[in-house]
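Below are two complexes that have chain A in common, paired first with chain B and then with chain C.
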Partner chain A sequence: MTKILTIAHIVWLEVIRRKDVYVLLVLMGCLLATLVSLNVFGLGGVVSYILHIGLLMTWLFAWILAVNVSARELPQEEVRGTVFPLLAKPVTRLELVLGKWLGAWSVVTAALLLFYALVMVVVLARGGYARPLVLAQGFALHSVAVGVMAALAMAFSTRMNHDAAASLSYVVTAASFLVVPRIPAFIAIESGLHANLLMALYNLLPHFEVFDMRRRISFDYGPTPWIAFFEALAYGLALIVFLLTLAWLAYRHKRFSRAAATNL
Partner chain B sequence: MFPSRQGAVRALDGLTLDVKPGQVFGFLGPNGAGKTTTMHVLLGFINATSGDARLFGANVRESIARQRIGYLSENPDTYRFLSGHELLVMTGRLFGLGGKRLRSRVQEVLDLTGISAVAHRRIATYSRGMMQRANLAQALVNDPDLVILDEPTGGLDPIGRMEIRKIIMDLRSRGKTVFFSSHELSEVELVCDRLAILARGRLVAEGKAAELVAPGESLEKYFMRVVA
Partner chain C sequence: MMTVSPKLWPWVVLGTSAVMAFSLSCVLATARARESGVEPRLAELERVLGNSRLALSSYFIEMADVYFHKGVEHVEKRAFESGFFQALSKDISPERVVHMAGQNVKEMMPWIWLAIRSDPHNLNAYLVGAFLLSREVGRPDLAHELLREAQYNNPKNYEAPLEDARVYLKEKNTPAAKHALDVGLAFWPGGKMPQEANAREDKAALLLYRALLNEIDGEDDAAIARYQEILGLFPQRTALQNRIDSLRHGGQPSVLATRLWHDTLVNQDRQGGICQSPDHAEEDDKAP
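Right, the complex of A and B next:
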């Protein structure tokens, strides 16, 4: 466990020193301040919309951060050539994959906490409110969604370079967000092969909508029933385990390119 | 055997080396001879098509086999966002070191490699020579019995080369086994107890430099003759 934590610690130091989180935090602060001060669409005074848009931004920024950080960790080790001295130590490839994922997930979750705190500061300053229990549930599920995104990007990055892994992860996660919840409606009007293909797609892509509690938080719909909450949590954890297993299987016998490390 | 468009390429062929404990063993060969591939097989990065590599009695694929070795890769880059001190602490933790033992070992290695004064600066601000010494320091933090160095002086100026040479001599005086590859024949001649020459994946010479080279012949001429 010490080895996994040490590798995760290196990921933390890298992300913090690259200042990715600060940039997104400042950007979010600016967007929220603009939203409040300019009274966009006349909604400046409606706090629930500020909260809703703020939460949308936390999803957007956490998505960018999770995919970017996770997709670059393993390929970067190869390009930099540090994978050789790292694996020359008593570190297994499974520990390397788990350490990288843990580092990426935990640092993005910490950033997520800052994003939520910033949104809540703005909302409270405008006289708004969100139930702490609903907020806590929303944050926990959001954190699990971030873990799934990180595991997906990491699985792709075991066999692709950073750019390709990040692009593919963005496409898959965006499709999961935007298309998957609408697939049942399409299946209802299709038949035969089309319906079967849509059903396969529906089952294959991750269902990020189960982790999304923005409406419940913004419009005070009350907490998610605990059964549904734990089901979503279990689904997310199962997805993470599945994706990390795929990542490890793809990575355990991978031959690293010396050309990448020596820029030949 | 590696697959290629021209068919399978035999990168190494029946290679057996005799490296005694406490020796500095030089591993020579032209580019593409298979030196780094040998080291990668030894470290378990790639599997040999036949035969197996064992270190201290354990299969190199098992992480425990790497507990007593230190490795410096041919690539000089490292985690530039860390300081030299942080790099060594992280490396020590990967070897299971902690507490007082880790702190004293880190300081010892910083002193040995001569980077104590810049230990708390980011590696990104180091010169090439200092970066190489930081890399060498991470290879020594676990106090290894076997140190594998892949072209440790590559790209260094004469002063940097001399400093690395001094560290290798120091390791020998402490009874460590050093296995290193280099293109610098004069350097190999200076520090190695024994050497081996590899060409096209085959061992073409092995022994003490003084025994291999004919009277009046330089190591360079000998090298050119046997790899031709």
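Right, the complex of A and C next:
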């Protein structure tokens, strides 16, 4: 466990050094400042749109950060050649994968907390409100979604370079978010092979819509029923375990080439 | 002092030239727009967004509609409704349709504002905005301002004066309502074909309100002429013939003009406020 935490700590230091999070935080701040400055027909007390767009940007930025950070970790070690001394130590490949994932997930979750805090500060300053329990539930499920994205990107990065792993992760996660929830509607107008293919996609791809509580938060629907909340949590954890297992299986017999490492 | 590597000079020159060319084209487009009387802001929007602003404006109107339905989008017909993921998704993000009402409706206004800024020729955005401001948010003054802007950006339309007249009638400001109705009648049919169903209905509304105001001022002949014009458009509205006959004989119509205009406004507001979406029934409009 210590080795996993140490590897995760190194991921933190790397992300802090790279300043990705600061750039996104500044972008979020600029966007929120622009939204706040809008004079909407001279009406005061209009604040839902700030919460809605702020949460949308939070999802977008967390997605970018999760995929980028996770897809980079393992290929970076190989390209720099640091994977050799790392694996020469008594660190198993499973510990390496878990440590990298834990580092990526925890740093993105910390960034997520900052994004949520920034949005809520602006909303509260404008006289808006969101129920703390609903926010807490929304944050928890969002964190699990980020964990799934990180695990997916990590799985791809065990066998691809950073760019390929990131691109494929973006495509799969975008399709999962935008297309998968609409597949039942597509199947209603399709039949035969097309319908079967769509059904296969529906069952194979992750369902990110079950982690998305933005509607409840923005429109004050109240907290999610606890049974549904824990079901979503369990689904997310099961996905993470499955993807990390795939990552480990892909990584455990991978051969590393010193020639590839020196060709920077 | 900062120095630039010699290898980079061509790129620096190219980049600087591109920025200068773009800046100059913006200035020239703005100047040209001012000369031809087009709002410079519109010219800048055209340059930056092109025709995508039309799609953007429609998207923002759709977002306003989503807000009206408290975040629930129009639900498409699905091949199956039961299933673990669908049930879980409905628990996480409710799909029961509930309408916003009263002061909460002002939360829709930013999206209307964005729709108008994206496409100042999107008349529907102005009309929806004015309706919500006057009826739901209780700010008829802002509704008048918005409709003035609609008229400025869409000079020969009649819809904005018609809506303006409705707002003035609700405020019982009859002189301003008369002026707005006269403007509407002068500009009708605006950009529509005269035989279009909506255009004919709107003309009938303009004539009806104007005729009722004529009646109140004792201008019975003008009122009769307008009622006859409505009958020319819609011969089946036989109640108007009774009204004409009462006025011709110098009597009082059975429904007073003030009452009729009030009832007409209420009916039209009710029609405008009803959600036409087939996705939900009346009983779904209760809060969860």
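Here is the rule we use: the second predicted complex is superposed on the first by the 256 of 264 C-alpha atoms of A that agree within 3 Å, B and C clash if a C-alpha of one lies under 4 Å from a C-alpha of the other, contacts with A are read in each partner's own complex, and residues count from 1 in each chain.
Just so it is clear, contacts are C-beta pairs under 8 Å (C-beta built on N, C-alpha and C of every residue); 3 or more make two chains touch, one makes a residue touch a chain.
In this text, all values refer to a predicted model and were calculated from it rather than measured experimentally.
K.L.:
If we overlay the two complexes on their shared chain A, which of chain B and chain C does A:G127 touch? Say first, second, both or neither.
P.N.:
Once the two structures are laid over each other on A, A:G127 reaches no partner at all.
K.L.:
Once the two complexes are aligned on chain A, which partner has more residues of chain A within touching range, chain B or chain C?
P.N.:
Of chain B and chain C, more residues of chain A lie in contact with C.
K.L.:
Kindly classify A:R18 by the partners it touches after superposition: chain B alone (first), chain C alone (second), both, or neither?
P.N.:
first
K.L.:
Touching A:A188 in the superposition: chain B (first), chain C (second), both, neither?
P.N.:
A:A188: touches chain C, not chain B.
K.L.:
Scan A:H207 for contacts with chain B and chain C and give back first, second, both or neither.
P.N.:
Second partner only.
K.L.:
After the superposition on A, what does A:Y49 contact: first (chain B), second (chain C), both or neither?
P.N.:
second
K.L.:
Let me test your reading of the model: by the given contact rule, A:Y221 touches which partner, first (chain B), second (chain C), both or neither?
P.N.:
It touches chain C, and chain B stays clear.
K.L.:
Of all residues in chain C, which touch chain A in the complex?
P.N.:
Answer in residue numbers: 67, 70-72, 76-81, 83, 85-86, 88-89, 91-94, 106-107, 109-111, 113, 129, 133, 137, 139, 142, 145-146, 288.
K.L.:
Going by the contact rule set out above, which residues of chain A touch chain C in the complex?
P.N.:
38, 40-43, 45-49, 141, 181-182, 184-185, 187-188, 195, 202, 207, 209-216, 218-219, 221, 224-225, 227-228, 231-232, 235
K.L.:
Of all residues in chain B, which touch chain A in the complex?
P.N.:
Residues in contact with chain A: 36, 40, 43-47, 63-64, 66-67, 69-75, 77-79, 81-82, 86, 90-91, 93-96, 98, 135, 138-139, 142, 148.
K.L.:
List the residues on chain A that touch chain B in their complex, please.
P.N.:
2-3, 6-7, 9-10, 13-14, 17-18, 80-82, 84-92, 253, 255-256, 258, 261-262
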